[in-house]
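Here the structure comes first, spelled out in structure tokens, and everything after it is commentary.
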Amino acid sequence: MSETTPTPRAVLDHMMRHDHFSRWMGIEVLDIAADYCKLRMQVRREMLNGFGIVHGGITFALADSALAFACNSDGRLSLALDLSISYPRAAREGEVLTAETSLRNKARKTALYDVLVHNQAGEAVALFRGTVYRTSRKVMEG
Amino acid sequence: MSETTPTPRAVLDHMMRHDHFSRWMGIEVLDIAADYCKLRMQVRREMLNGFGIVHGGITFALADSALAFACNSDGRLSLALDLSISYPRAAREGEVLTAETSLRNKARKTALYDVLVHNQAGEAVALFRGTVYRTSRKVMEG
Amino acid sequence: MSETTPTPRAVLDHMMRHDHFSRWMGIEVLDIAADYCKLRMQVRREMLNGFGIVHGGITFALADSALAFACNSDGRLSLALDLSISYPRAAREGEVLTAETSLRNKARKTALYDVLVHNQAGEAVALFRGTVYRTSRKVMEG
Amino acid sequence: MSETTPTPRAVLDHMMRHDHFSRWMGIEVLDIAADYCKLRMQVRREMLNGFGIVHGGITFALADSALAFACNSDGRLSLALDLSISYPRAAREGEVLTAETSLRNKARKTALYDVLVHNQAGEAVALFRGTVYRTSRKVMEG
């Protein structure tokens, strides 16, 4: 049979089925397309840190999941090399966070994405930047 | 009564009591001292991502918790400004991860820490670097 | 006499007078305003690295100067804490590079800027991000 | 004739011959070996910024050159992907800065290095971290 390239949605569905932690976070996919992803989740009590605000690892994980879905959307397995994050504003229990990716550069073997996380008021909660290495392997085998 | 500075252990205990997510992760405190913290946790199935390895957000969260406990250890509230992480090696279900901080620079208002996360074989799983802003507020009021 | 806040242009002129390296680079100021700066320079032979392209330190320095002029534009001395850069595309001798800042977040004591460096064809040459600490000192004394 | 792998020193000499900016900076090679480099230079007046201290781009360039010599030392062309720097302490005219690399991780296609820049008193002036992509091309052709 001829080889077909899976759609971004098919790749995401495949990844999400195995992504226990994104499911634990209650991540909802708002949009998925080539090199692009938009996710949403609500901050629950068990996501808070010692200061009563969302744990930095949760906000990071939301952005990281958005990056993973965007950079693997062409079915070619990509691996995160360097990730960085800054937190302009804290988020609290009950707030709804949205993460949206922006492709900044795509080369043959690497790519660079920004991910902006904002709250329901549209205020920036996190600025995330990620560089990925694009392997020649496929996300979905066979 | 005179004001007393809490010990690093007392500050950590105070933070940990409210830190729902660190508790969800099953974080165990191996060591805490001035400007220093060492944590351990085991990777569970619900921490995995779509590739069957630990979600980047979990490893980040472990390192971030270690940073938070270290940089707040003098009782002065510190806030993360910029955090970055690289993942030399994936971690799988059942692996035991240890995060250990190293203070690289401490100025009057800011500080810089490295956090190394390694697995039970001593292999580096993540290199994390964080810059914090040291406010003049206290972690524990009153 | 009453104290007056210097204009962004006056602060820049003051800094530029002492900024030997920006002058060596031949930096030209295209625009300066509150929290904003746009600079231009041409790549000369003595700016090249061992691969015959512009040395990463030169592109970084151009972005760093733009950041410095933008974040000190209110006359309050700011210090760079963490700076990061990625290079989507190499630049060669004779190319004209433009660096333009974007304020992403401004808090009481810290601020975050992006600086985009592009060539004369409008192609991105560098993505630069900087976090600064805003001291209570002034750039221009007296 | 059979193909021979050039020594780290031969690769550095080749790169340095073309590296106009490292030569302008007056960089002196203290040590070069596989995956390792140690450089030194003195801060001159024309390297200062608007605050009378060394321009951030100069310190960055010194670290970046050390990274380039270390990561290309096996003769395989490597390209910087993400670079970050923090400045614990300012350096002034006349100070002698030393940059020394530490390999943190080397994978098939990428590598991660830290570069520490210190002054003649042994005080840390910059903490630099770089991720590189290891191409399959050679630094020296033929």
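Note that the chains take the letters A, B, C and D in the order they are written out, and that residue 1 is the start of every chain.
Please note the rule applied: a contact is a pair of C-beta atoms (placed from the backbone, for glycine too) under 8 Å apart; a residue touches a chain by one contact, two chains touch by 3 or more.
None of these values were measured; they are calculated from a predicted model.
K.L.:
Could you compare the number of C-beta pairs in contact for B-D with that for B-C and name the larger?
P.N.:
Answer by contact count: B-D.
K.L.:
Take the average of all CA coordinates in chain B, do the same for chain C, and state the distance between these two points in whole angstrom.
P.N.:
About 33 Å, centre to centre.
K.L.:
Hey, what residues on chain B touch two or more of the other chains?
P.N.:
Residues 81-82, 84, 86, 131 of chain B each touch two or more of the other chains.
K.L.:
Could you draw the chains as nodes, link the ones that touch, and say if you get a line, ring, star, complete or other?
P.N.:
Graph shape, chains as nodes and touching pairs as edges: complete.
K.L.:
Which positions of chain A touch chain C when the two form their complex?
P.N.:
Of all residues in chain A, those touching chain C are 84, 86, 88, 104-105, 107, 112, 124, 127, 129, 131.
K.L.:
Given the complex with chain C, which residues does chain D contribute to the contact?
P.N.:
Chain D residues touching chain C: 14-22, 24, 45-52, 55-58, 60-62, 64-65, 68, 77, 80-87.
K.L.:
Give the list of chain C residues in touch with chain B in this complex.
P.N.:
Its residues touching chain B are 81-82, 84, 109-110, 131, 133.
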